[in-house]
Each structure stands twice: as structure tokens, then as C-alpha cells.
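Each chain carries a letter (A, B and C) given by its place in the written order, and its residues are counted from 1.
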Amino acid sequence: MLKRTWAIIQKEFIQTWRDRRTLSIQLAIPIMQLFILGYAIRMNVRHIPTAVADQSLDAASRDYVEAMVASGYFDVVAYVPSQADVIQAIDNGEAQAGIVIPPDFAARVMRNEAQVLLLVDGSDLFTSQTAYNSMSAIAQTHSTEVMIAQARRSGRLTAEQSLLPLDVRIRILYNPNLADLWFLLPGMVATILQTQSIALTAAAVVREREMGTIEQLLVTPIMPGELMLGKVAPNLVIAFVNMLTIIALGVFWFGVPFQGSFGLFCWLAFMYVFSGLGLGLLVSTISQNQKQAQQWTMLMMLLGLVLGGFIFPRYLMPPAIRIIGNLFPLTYFIPIARGIVTKGIGIESLWEQVVSLLAYIVVILFVAIRAFRQRLD
Amino acid sequence: MATTIIQTRDLVKQFKTQAGSINAVNGVTLQVRQGETYGLIGPDGAGKTTITRVILGLLKRTGGESTILGFDSMREPYAIRERVGYIAQQFALPHDLTVLENLHFFAKVHGVPRQDQARRIPELLEFAGLSRFTHLVAGRLSGGMKKKLALACSLIHEPQVVMLDEPTLGVDPVSRREFWNLLGNLRVEKGLTVFVCTPYMDEAERCNWVGLMYQGRLIAHDSPQNIKKMVPGHLLEFTPSSITRAQELVTAMEGVLEVQTYGLMLHVFVDDVPRRQPEIEAMLAAQGIACQGMRQIQVRMEEAFISLVQSQSAR
Amino acid sequence: MRNRFRDRFRRFSAVVQKELTQLLRDRRGLALILTFPMIQLFLFAYAVKLTADHLPTAVANMSPDAQSQAFLSALSVSGFFDLKLYVETEAEVVRAIDEGRVRAGVIIPPDFAPSIERGDAQALVILDGSDSFSVQSGYSAATAVAQAYSLGLVVEKLNRTGSKMVTTPIQSSVRVLYNPTRDDLAFIMPGLVAMLLQVMAVNLTAQSVVREHEMGTIEQLLITPIRPIELVVGKLVPNILIALLDLLTITLAGVFWFGVPFKGDPWLFAWMALLFIVSGLGLGLLISTIAQTQNQAQQLTSMLMLLSQLLTGFIYPRGPMPPAVKAIGNLIPLTYFIRIARGIITKGVGITFLWSDVVALLVYGGLTMVLAAVTFRKRLD
């Protein structure tokens, strides 16, 4: 049996090596993606273009706008006369946030009845989220400072008492500077590995079937398991090479720290790739032609991406969705990847995911082999 | 004076591989005249498919000239495509269209007007024996029917010349004969010029003109009779009781020009039958080998082909 | 001259007919194409949450008194923190985050109440930095809650000393335009529809030409008088219908099932979507002509999909991206159509605001078709 499997593995390697162009694409794409993503993704938006309608133009209103700008989150791009103008600036995309300060601001502040209207572009999620959060926070802080200053000036508070009684320190574990790439890299490794292994393998069997070359294979003593093992072999190697490349680039070029055990990561990644390959094989057995295979592959990739917890956290998803997410190996590997790379934990803390991943592989390979059609129809 | 339909002059086609470059077609000059059925024969890998594709403009020509109907293969490909019919070696029609849909597709693509389509398609279906199978999807036809469909699709636009690449490969003898009868009728009725690559020697016999290709070169270009005459000697055929030994012994004999095996029989070319036949019988009998059914036969294309190829490879 | 045009049209329509027949004949494939976008829409819509709240949080309260309880309750009531695990020490909190059981931790040191009185109380909030998404809300939420709580204490103290009621001098109200309830779905739906449409359009055509090469059927096609541009456009047209059908179903689902408001002109949207579909199909065809094997086509399509999700403004904003990366985003038609879709659906603007993106898509569609025809290999080698 080993001989037969080895024969298939050899054939597959030769075929893969022959198609050099495809091979170079397969090896180059993840690198390209890493570079692009490394430079592209900014989840925390700063310097949001802001339009200001300051109808008072006094010290108090200028202080207020200054507080917004000083935070670094907002850049004033236009001073306009009225609220309508601010809205129009947001409508046509010139600005994504707006501040409207009515007349007599300073006087009203003294009387404790000042009002400010803050506008946020609701069509762009990250910007609007950041803008909303930071505007609210900055407004609140500024208002508090003004109030305390007032209270101090009127003698109701002493200098010491002006300090807020509760100081909350916030410590961010593992990634204190919130570098986006540190967050994305493990997930990216997981995603790209899964993407490639599913795509490469799904096409494999279907293509043979379509081209008719499967006929010659079916008449040999080869068993489905051996055929599949043989077919996934080169893809396994390619996926692994890609993984190592991404990690190397991430660590040495982008400076992402690798906290945990590299060896452990490799072992678990090896297992993980198998799961993606198993999924790809399953797809190839239920597809009648390559077009269908591609549809399935795309679906799995898209869903894996969204439901696996790469970008959006799983704890926020409704239970039904979370269960669907459990159908993808990505879901188990992302916590593993993040755990080892970013958190630096060991297998003791990960055994739950590891066991799930193992179980997944066993199940998927079993199903795929079962489903493999031994005949031509 | 018949017009030349297909003409090549010193045609060369080179392929670059990892091992270097090969000239699949190595300086071939041939002509096919109007109304002729030209058979291009040759062993596997001789370059038949390659040269067909180059003439049609499907492959890029490396050197020399090639024209069909006066149009250059490289410079006027669309003029050629409008006037030529072609059957590729592998079945290459859309496998998920039905017989009828395939015919309609190729008809439309060749700009056959609708009235003409309405007339020609039933004719072609009848002619190809496919009338009962119009709604079968092409991929599900048997090997023979696929070839007939391909033929029908190649004729839908009433071309002046058709080029067929091994059109009867894998088809049963009865269907093969039918196919050739069809081609014969077309030639007679419509003056169709046919260029066919074939590995079947009996089909080569039915052509007006035959070209024999070997390793990219044309080693014979003549009528079948003349080609058969190219083989020196007269042909004896018999069944020896031990073929390998008999072959060894007979080849060494005087007056024996060439020996070929043919299944369990030997084909021996001798310079003079009355003299050599008894000599061979006697010599083999002395060695304890019986000869059964020794007789003189006409040289056929098959023997001529083998002889010419062997003499080439001996060089 | 007219004869030539008629021939051209005949050849073109022959290709359209053939492609349509083949498309409809692959029943299973058709079923996939028509249902997958809907499936994706639904799963995406329910999976995507943009504001992280209810962060699972561990608490180590080393000073169980009224003050600490009040503070913890303020954190819980804010909705951002889900206090689900109670432990003894800071180390245990960190362990819980390590293991992924919680995403945040609150540590209240001993003597909390007295230190509040003195005015020098401290609390520690620990956030899981491996999850940027949650950290951002966690950060601002923690800060905001703590500040509000502190402020409340100060105000209380002031009022106790008998001065008049102190309120905050400046009331700021934040209004979110177009989507005042900050409904997640309203944020994501237009972009999602656009993205699914592109994925589908590219998918429909990305294999079409290269498949014929691989199957060998290209040979009989090449020998016909069909011109490359006729073949390319002929392959494109039947897919437009399928794509439009998908567009209709997912847009209707978005509006009527998910209740996303459609502020602008539906007809304008339909026309723009048609333009976008042609661009996507054209891009797929280009991939199909430059790829040598179906495998390559698949790789390119996957890469395109990933880049489309991340570089086109679908989720992450394009503003902060460096120019080189923005340029790459500009090569993807989705970038333009997302602005159009958001403009029409969410903002309700008209074509005057969108014309530059419209022109971009027009150019894109035409260019890809021409390029596909040019790169189409007219011979077997």
C-alpha cells in the first residue's frame, strides 16, 4: 500500500513542478497579501476629516474644537457657516465628521447650558465607530475638565479635590501598542493556509475526473485513501512553505513578535493544513465539474473568513452562527495561532482546540474517503 | 489544370522543450489538388497532426510557407476558417450541447443563413445517420457517432476543403467504411477536397494521393500505386511454425530483399519468386521449420509503408 | 459592409446561445450560483457585529465593599462588560485571558472604599491585546465608565457640601448621519451586497475561457471564424442575467428581511449595478484569458477575493492606507461600486455626487473586455 501511495505522491509532485507558473503564483500570492495587508489595514482610524461650523468663535468654542483636534482623531478640513453646510460636506464625502457649535457658547458654558452637536458619517463603519467613541469620550472629558475648572475658580473645590477620586489604569496584554499587524498576522496565517489548501485540493480530483485521466487511475489497485493522500502531498508542502514564508516575513520584516514555541506551532499547523486538505477533498467529491468546485471553494473561504473569528470576534455571534462556524477548521486554529504567536501560551492552555482540530480531521477525512466515487458515474 | 488547394513549401515547425528544440515538421513540401482525397500517413509522432494544425493556422509556423485556397496560414487565418472544415483528433465539440444544438451553433458561427440551415441540417443528420439522436448530448454519444457529428459540423458551411485528423480512430470497421463512403460521395457530388491524416493503411489505399511522413519529413508523395511500386521485389507470405527463427534464417538468405512480420506470418520480399520460393521452403524445412500456406501476394500500402519506414530508420 | 456586421452579430449570438445553453444545463452549478450569495448574505449579516459589547470579563475584587460593588455594577450596566468569572488574584485573571476564557479583566485592589474617600483610588482593567477588535471598544468603554463614575462621585461630594446642583456645563450629543440607530446591518449591507456581487460575477467568468483550453474544446472553436472579441463578449452576456438575478434576490432580502433602509433611487441603483456586473464579469474574463490552467485561474480569483475584502473600503477604511496600497485597491471594481452603493442606499444621494465612480466603472468594463480579447490566445501555442 505504501508503494502505491508513494507512486501517486511522486506523480503529483512531478505534475506540480512541471506547472511552474502556477507554482510560482501559489508561492507568491501569500507574500504579496501579507505585504499589502501589513501596510493597508488600520483598524484604529485617526485624522478623520472634520467640518466645523463654529457660530460663536470665542475662547470656549475654540477650546472645544482644539480638544477634538489635539486627540489626533480629528483633522479640521473645513470651516463652514452652518449645520446644513456640515451635513453637505459629509454627504459629498469631503468630511466624515462634523462639529456644530451654536452662538453665545462661552456665555452658555458659564450658565451650564451649553450644547454642541457632533455629527458622524454613518456610512463607513470603522470611521463611524471610531468617531463615535472618541467624540463621546473627548466631549465628556473636556466637559468634566471645564466643570472642575469652574468649580475650582468659584472656590467650591480645593486644588486636591479637583482630582477625580478614581483613576483607572488600563493595561493591554501581549500587544500594548495595538499594532494591527500583530493582531492580524496569526489570523492571516490561518486564513491563507486554509484558503490555499482547500482551493488546491478541491481542484485536484475534479480535474482528473473532468479530463478523464481518472479512468486510468480507477483501474489500478489504488484505494481512495491512497489516492487522496497522494494528491494532497504536494499541496501540503506548498502550504507549509507559504506558512514559513509568512511567519518569517512577519517576524523579521514587520517585527511581529513570536512569543511561544515555534516547534509546537509547526506541529499544530501541520495538523491544521490536513484539515483544510480534507475539506478540499470533500468539495472535490461532491462537485461534478470544476466550476462547481470553485463555487464551493469560494463559499467556504468566505464563510471561514467571517465566521472563524479572523476579524469579527466569535463571542459576539449568535449561537446558531457560532455552530456553523464550528464547521470550519479555521475556527479552531485561530485561537491556537493567536495563543502561540501573540500570547505565548503552551499546549496546556490549548488542549481543547487541539482535540477539536484532531477530531475534525478524522471526521473530514473519513467522510471524504467514503464519498469518493469508485466508479466513473 | 486542377487548382492547388493546399500548398506547403519547406514547412518547418519547431517546438521548444526542456531538452532542447525539436522540429516536429522538418521542411515539408506538398500539394493537394482540387477534388483530391489526400491521405497523410505515418507512424505515431511523425508530425501529421502538427502539420495539419500549422496549415490551418492553429499553430505558429516556424519556417517555410503554407497556404490553403491561396490564403496564407499565418496572415489570413479568418479567411481560411470561413472556408475550411476541420475535425480535430480528440473529440473537441462542446460536450454538453445536444447534436442539434451543436449543428446550429456551428452553422450560425459560420454565418449560414437560416433557410439554408433548415435545409442542410436535416440533410447532414440523415447523411451522418444521426437523425434519431438529435436530442442526445454530445458527450454521451458513442465513439463512432461523435466522429460523425464532428464531420457533420465540419460540413455545415459547405466548405471547399476539409481537413480531418484521424477521423476514424477507434471506430468499428463497419462505421469506418460508412464514413469513407460518405466522404467519397461528397467528393463526387460536391467536388470536395479532402485532406485526411490516417493510421489505417486500407484507408490510405482509397486516397488519390498519399503522403508518407516520418520524423517530420515527407519520405513519399505520390499515388498509392506508385508508392507501392517503390518497394523493390515481389512479396511472399507464409506462416512458419517458429517465427523468430524463421525470420533470422530467411533474412540472411540470398535474394531476400526484406523481411517483415505480420502477426504470425512472415512477409518476404524476393527479387524473383519462382527461384526463391522453393529455396526458402527447402532451407526452412532443413532446419525443421514448416511453412504453411506460402503464396505470392500484392504489395499493399501496409507493406510499402513498413518497408519505407524501416529503410528510413536504418539510415 | 452591412453583410460583415450581420455576420459578426450572428457569430456573437451563436456564442451567447451556446453559453446560455451550457449554463442552464449544469443544473447543480446553477443552483449553487443562485443560492450561495443568499446563504452568504444571511450568515454574514448575522455574524458581523461591529460594536464589541458584552466582553467576557473576569473580576478579581480584593475589597468586597459597597464602593467596589457600585463600580463593578457600573461597568456591567454599561453593556460593554459581561462579568462572568470571579477569581481571587490578578494572576488568575491573566491566566483566564491567556486561555481565552475571557477577553478582559477588572482588578480592584484592597481598601477600595477608604481610598475613594481619600480621593486616590485605583483600579486596573486588563484587556486581551491579541484581539484588537475588542480592545478598542473595551478601552474606550472602560475609560468612559470610570470617568462617568468618578464624575458622579465628585458631583455627589459637591452636592453633599451643600452647593447647588452641579451639572456638566457642556452637553454634547452625537448624531450619526444616515444610520442614527447605529444599526450594524445598515452599516454593512450595501457593502456586503456589492462585495457578494463582485465575487459572484468574477466567479462566473473566471474559468470560462481557460476551461475550454484545458478541455481541448478550444480547438474546434479556434477553427471557426469567431473573432476573440465576439467570443469574449458572447461569454459575458449570458452571465449578466444570472448576476442580475442574484442581485435582485440579495437586495430584496436586505431591504425586506433585514429591514435595511434604501434611501436612494432604486432604478439608478439597478443601472449602476448592471455596470458593475459587467466590470466584474470582464475582470473574470481577463483572468480567464491570462491564466494558463484552471488552477491558476482559481488562485488568482481567491487572491482577488481576499484583496477585495480588505482593500476596497468594504470593512477597513481607505483613508489611512498608503498610496501604493490605495492604488492596488483602485484596480478592483468593488472600490468604486462600494462608494456608489453606499451613496445610493445609505446616503440617498444622486448621480451628481457619484459621477467619477460611474465613469471609472464604465472605463473598467470596457477596458477589461478589450484586454481579454487582446490577450486571448488565437492559436494553440
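Keep this in mind: a residue touches a chain if its C-beta (ideal position, glycine included) is under 8 Å from a C-beta of that chain, and two chains touch if they have at least 3 such contacts.
All values derive from a computational prediction rather than experimental measurement.
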### Query
By label order, what chains touch chain B and chain C together?
none
### Message
For this structure, I'd like the pair of chains sharing the most C-beta contacts.
### Response
A-C
### Rounded Å distance, chain A centre to chain B centre (Cα mean)
62
#### Entry: Where chain A and chain C are represented by their mean Cα positions, the distance between them in whole Å
11
### Task
Mark out which residues of chain C touch at least two other chains, giving numbers and ranges.
26, 215
### Message
Quick check: in the complex, which residue numbers of chain C touch chain B?
### Response
6-7, 10-11, 13-15, 17-18, 21-22, 25-26, 215-220, 222-227, 378-381
### Task
Could you please specify the touching residues of chain B with respect to chain C in the complex?
53, 56-60, 77-78, 81-82, 84, 86, 88, 90, 92-97, 101, 104-106, 108-111, 137, 150, 153
### Summary
Residue positions on chain C within touch of chain A in the complex are 26, 28-29, 32-33, 36, 39-40, 43-44, 46-56, 71, 94, 97-100, 103, 116-137, 139-140, 142-144, 146-151, 153-154, 157-158, 161, 163, 166-180, 182, 186-188, 190, 199, 203, 206-207, 211, 214-215, 292-296, 298-303, 305-307, 309-311, 313, 315-317, 319-322, 324-325, 328-329, 339, 342-343, 346-347, 349, 353
